[in-house]
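Chain naming follows the written order as A, B, C and D, and within any one chain the residues start at number 1.
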Amino acid sequence: MSIWEKMLNVDRRWIFLLIGIACVVPFFTPLGLPILPSQEVISIYDYIEDLSTDNAMFVGFDFDPGTAAENMPMGVAVLRHAFARNVPVFITAYTPLGQGMAGMAIDELTNPATGDYFEYVNWDAWAEIRDQGFTERADIEEAWLAAGNTLPENARGWIFEGRDIAFLGYLPYFHLVILGMSSSIVSQFPTDVGGTPLEEMPMYQDHKSLRDIDLAVTTAGSSACVAWITYGREKIGLPIAFGVTAVMATDYYIYIQSGQIIGQMGGLRGAAEYETLLLDNDYCKNPGKAYIGMDVQNIAHLLIIFLVVLGNIAFFAGGFNKKTKLKGRR
Amino acid sequence: MTETIGLWVGAIFTIGIYSFLYKENPLYRLAEHLVVGISTGFGIAITYTQVLRPKLIEPLANGEQGAWLLLIPAILGLLYITRFFPSVGWLSRYPMAFLMGAGMGVGFPLSMKSLVLRQLEASLTPLYETGMAWDIVLGNIVLVLGTLAALIYFFFSKPHKGPFFGTGSKIGIWVIMVGFGATFGFTVMGRISLLIGRIQFLLGDWLHIIK
Amino acid sequence: MKRSVPLAIVMVGGILFMIQYFIPHQHSQTLFEYYTEWAPIVGAFALVLGVGSLTRLHSHKIKRKAKNWQYSYAVLIPLYSIPFFALVMPQSLGGGMMQTMGGDRLTMGVFDFAYMNIQVPIQATMFSLLAFYIASAAFRAFRAKSALATVLLLSAVIVMLGQVPIGELLGKWFPKVGLWILRYPNLGAKRAISLGVGFGVLATQLKIIFGVERNWLGGAGE
Amino acid sequence: MQRKVPALLLAMLLATGLAWAQAEEAPLADPVEATESAEEAVIEGVEVEADAPITSAPIGDGMVPPSGIVASDWPNDAGDALLVSWEPGSETGNETFIGYSVYRRIQGEEELALVAVLELDDGTSFIDGYDPDYWVEPGVQYEYSVAAMYMNGGEVASEITAAQETAANQFYHTGKTRVLFGCVLFLGLILFYFHAAQRGLEMYLRPIAGIEAIDEAIGRATEMGKPILYVPGLSTISDVATIASITILGRVAKKVAEYGTPLLVPNRDPIVYTIAEETVKQAYMEAGRPDAFDKDSVFFLTQSQFAFVAGVNGIMMREKPATNFYLGMFWAESLILAETGSLSGAIQIAGTDAVTQLPFFITTCDYTLIGEELYAASAYLGREPKQLGSIKGQDACKGIIMAVITLGILLSLTDLIAGTETLNWLKNLITMPIVD
């Protein structure tokens, strides 16, 4: 067996080891290469930037733990943007595990240990203010502060459950749920996951069906996002933005081209671009997880290309191009 | 305390799965079986609390107006269980037929709209408009001709021979391969991201070596 | 009764809902609403079949002391205990949510623990195996064995470099060419495939409605 | 069959009738509720007098209320919406003007209910009926009044005008004609070729390598005395790819039964699992070896995607199947399955209509059925005339699509040379409104 043949038939585990090393090292020696946001991501950012507390949006956590590394930073970034702008957010999930993912995203944004966080105000905690009849966001906050609450130093703002956020969660056959919500949200979700009746929520009173919603962002690791197009966009013209994994991103360029979605975050890079936009516009102080991850990408991509080149050198130097036929393809 | 134990459990199972890269082993086997059991158990719990209870049991128990109609889907659903009894197992085809028939009927016009007409509509773009850069013009030409050629490849009832079907399907498979290569290359980033997520968990959340 | 009635249900239901799409009339909408309301309820019961299969497979293994039978307990115990815990402590179904929504951490039940610390890490790690596999697949498959294979290889490498900031440092044109490939030839191929798939889907839907394709009934029991 | 169909039709009609009866009953509660809430809805300080403009001080001199209210039926719906539009009064140009309130009542009733508040940039028209609290009922005569609102809380209201039309149920959605045309054309072509095929039309089918390799792959496993793994995709039975896969499974299982090779079929969807089990059992019966069928060979694993992959990976490394089939719908797990399979030394045949996953199957499997080839496989294997006819019909449709795209190219060139806009004309023929 020549050295070339050995190289071509190398035990896969060596490749696994190399990839493992390449993905760990950059965490200790960051490169910090700049990331330029693409138009598809800027469109989403600008769109949310134009929303205010009178609008409302949906954020669908339509992914499972498997794609959390890519989808989670997108969901967190979009939620951060919405929370900072006090845009009411309905949170849904396409899969049962997606509900857990949404919970984790809210946790991350409301956890004091993370720095840049939002102080979560429970539904029951501000019951008195509700009883006084306040429904406007500004009035609620004023009354809340007047009641002797102060914003902790490293918190960015308040999130009033039922005014700024409604965690609706998961329902099976979610495409039918989207369809149902186009006439009435409460028909599908009588309560949020905590059992609070939706009808009592001020944010529901202003936005009763998907027709009253200004944007739906779906962060998806599967074709779940298409359901939003088919049943939300096509049926009632709901504006949709995608946050999809890198692999799906190529497929959904079609939707950008045909104007069916307003923008798309593709993979970790898309998330990193959104984080860059948030960072540049002072919505947060520290770069997010996706931003740091881009360094690893650089090294890993180079390694894979190096391996491919090496494989081809061995292939031709060993003269295999003359012997073997292309296997596995017509 | 629970949190620390949780982190350790999570980390052990993470390593257990990675150990599969070296060799199949008892730790992987345990993780594999546990995750099958847990995920299905979770599925049952969710289906009950999110579907059956709010959409079937509660309306019936509260005697909501017209709730008795819900007995129809409930009975249909229960018919699935006849599968366990071979002699009446064929009854389980009824709920299946209900879901299939309506599902296919609902899907048909929607598929026509989104999979065919929308795609066709998007294919009808001008090749050149004033002020278009050369790479876009070239792109448009490649896009339209590529679509045509790749469509020829999917003709099943004609031999792929001769100048039209022969050449066409050859160009078609080339275009398809360029597309596949691009998708593969584009995917690499996503896959590395997943590993990054786990490294952040192992080195950050668990071992606190990195931020 | 065994075959013809289900086939008739499919045909009537299929045609009814196909037409329903074009009729905005109130009654037509009501019909559709019934379908959307009922379908999840009917579908929910199917899970029982899955649970039955899992139980049978693993109890067989344990009974016969088949190879690796001990691991079957790792399937059966959570399979039954988790729904039980969810019934006893429904609040633990939040999936990590309770920590902030409910206010105090004590509500984190056994279920939450299993979900957060076993289910989530195992799933995510399984998925992340792709990082290793994609590298080894690239190494083995991307060889310039033929013109076609070379095209596949080149398009992959260019796009791969175009994706990362370092590609831009190597050559300003990498991201541009990568994007160009993604947006034009790639889109052309995808569009053709999806049109083909579209007709395949439509034809199969029709075949099912008209009873030409009937293997979904399962084989036996005429 | 003939006798049962009418009976069933009758039953379905009965069920539909019941559903309709329900629908008639339900909205009856509404008008009462609407009128009740009207009292609360009327803005403080605004007096409501029948047939007289709502006016409240202080609004300043010379203010002319909105006028010319037109309420017409909103088309293509279930008679649950009216389009209300009006002419602005003197409010345009007035800086303290903040928007409009739209009031509504059923003719013959006293109280007006506030059904909508429109902001400045919402324009001077609005579709009434989408608010679930104030829905519009078909055939009911409504009366409207529109008031201009001012910053100080004052309103100048128009006269109460009876709606020119009542909301009507439509029997056909005019915006869906293009889809209808497409559906009918497709249906016609498929039915035509069904008949042509049954009359014995000769049909050529080009070879598909992946399908031809199936027998060879089963033979290999038999020689090696190792099992065959068949994954029928991860989707549900309503996914067309799954249905195609089940057909191929039937064929594979029959061969497997003849050879006496062990078969493993893990499933992710419980319904697909039962169908796969039936199919395999049936195949063993057809092969004349019903006793050889092992109940544990077809099994449900879990509904969770990656838990499923973990399970299948474990099976592959422990049982070391000689041949793996991955046919049906796959998502990201495709590469994990295919690489693990290749690591375990199996020969692999894949097929899916998931465009995103095809590249991974192409690079790691020995044979791959691309997209539509997977559906075509069931026709190839069955050789049933109607199935073949359907393939021919699909090809005809692709031909039509290609002709339209080619026409598009030609028109685009014509536009370029002659400066016309013919491509836009063609595109408008196909373009559908985004909203139904």
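Keep this in mind: a contact is a pair of C-beta atoms (placed from the backbone, for glycine too) under 8 Å apart; a residue touches a chain by one contact, two chains touch by 3 or more.
All figures in this text were calculated on a predicted structure; none of them were measured in a lab.
Upon removal of chain A from consideration, the remaining chains are still joined by touching into a single piece. Of all chain pairs, the one linked by the largest number of contacting C-beta pairs is B-C. The mean-CA centres of chain A and chain B are about 18 angstrom from one another, to the nearest whole unit.
With each centre defined as the average position of its C-alpha atoms, the distance from chain A to chain C rounds to 19 Å. One simple way to say how far apart two chains are is to compare their mean CA positions; for chain B and chain C this gives 4 Å. Counting partner chains per residue, chain A shows two or more touched chains at residues 12, 16, 19, 23, 64-69, 97, 99, 171-172, 234, 245-247, 250-251, 254, 257, 260, 269, 297, 300-301, 304, 329-330. Of all residues in chain B, those touching 2 or more other chains are 17, 20-21, 29, 31-33, 35-36, 38-40, 42-43, 46-47, 51, 69, 72, 80, 83, 96, 99-100, 103-104, 107-110, 112-113, 116, 118-123, 144, 147-148, 151, 154, 173, 176, 180-184, 186-189, 191-192, 194-195, 197-198, listed in ascending order.
The multi-chain contact residues of chain D, meaning those touching 2 or more other chains, are 19, 22, 176, 179-180, 183, 186, 237, 271, 274-275, 301-307, 310, 313, 318, 332, 355-356, 358, 360, 362-363, 370-372, 376, 394, 398, 401. Considering their complex, residues 1, 4-5, 7-9, 12-13, 16, 18, 21-31, 34, 46-51, 53-54, 56-57, 60, 67-68, 119, 122-124, 126-127, 129-130, 133-134, 136-138, 140-142, 152, 190, 193-197, 199-208, 212-213, 215-221 of chain C touch chain D. The part of chain D that touches chain A in the complex is made up of residues 130-133, 209, 304-306, 331-332, 343, 355-356, 362-363, 365-368, 434-436.
The part of chain A that touches chain B in the complex is made up of residues 13, 16, 19, 23-24, 27-28, 66-70, 72, 96-97, 99, 169-172, 190, 229-230, 234, 245-247, 249-250, 254, 257-258, 260, 267-269, 289-290, 293, 296-297, 300-301, 304, 330.
Within the complex formed with chain A, the chain C residues making contact are 33, 36, 39-40, 43-44, 94-97, 99-103, 115-116, 119-121, 123-124, 126-128, 131-132, 134-136, 138-140, 142-146, 148-149, 153, 157, 160-161, 163-167, 169, 182-183, 186-187, 190-191. Across the complex, chain B is touched by residues 15, 18-19, 22, 25-26, 176, 178-180, 182-183, 186, 203-206, 208, 237-238, 271, 274-275, 301-304, 306-308, 310-311, 313-314, 317-318, 355-356, 358-360, 362-363, 370-373, 376, 391-392, 394-395, 398, 401-402, 404-406, 408-409, 412-413, 415-416, 423, 426-427, 430-432 of chain D.
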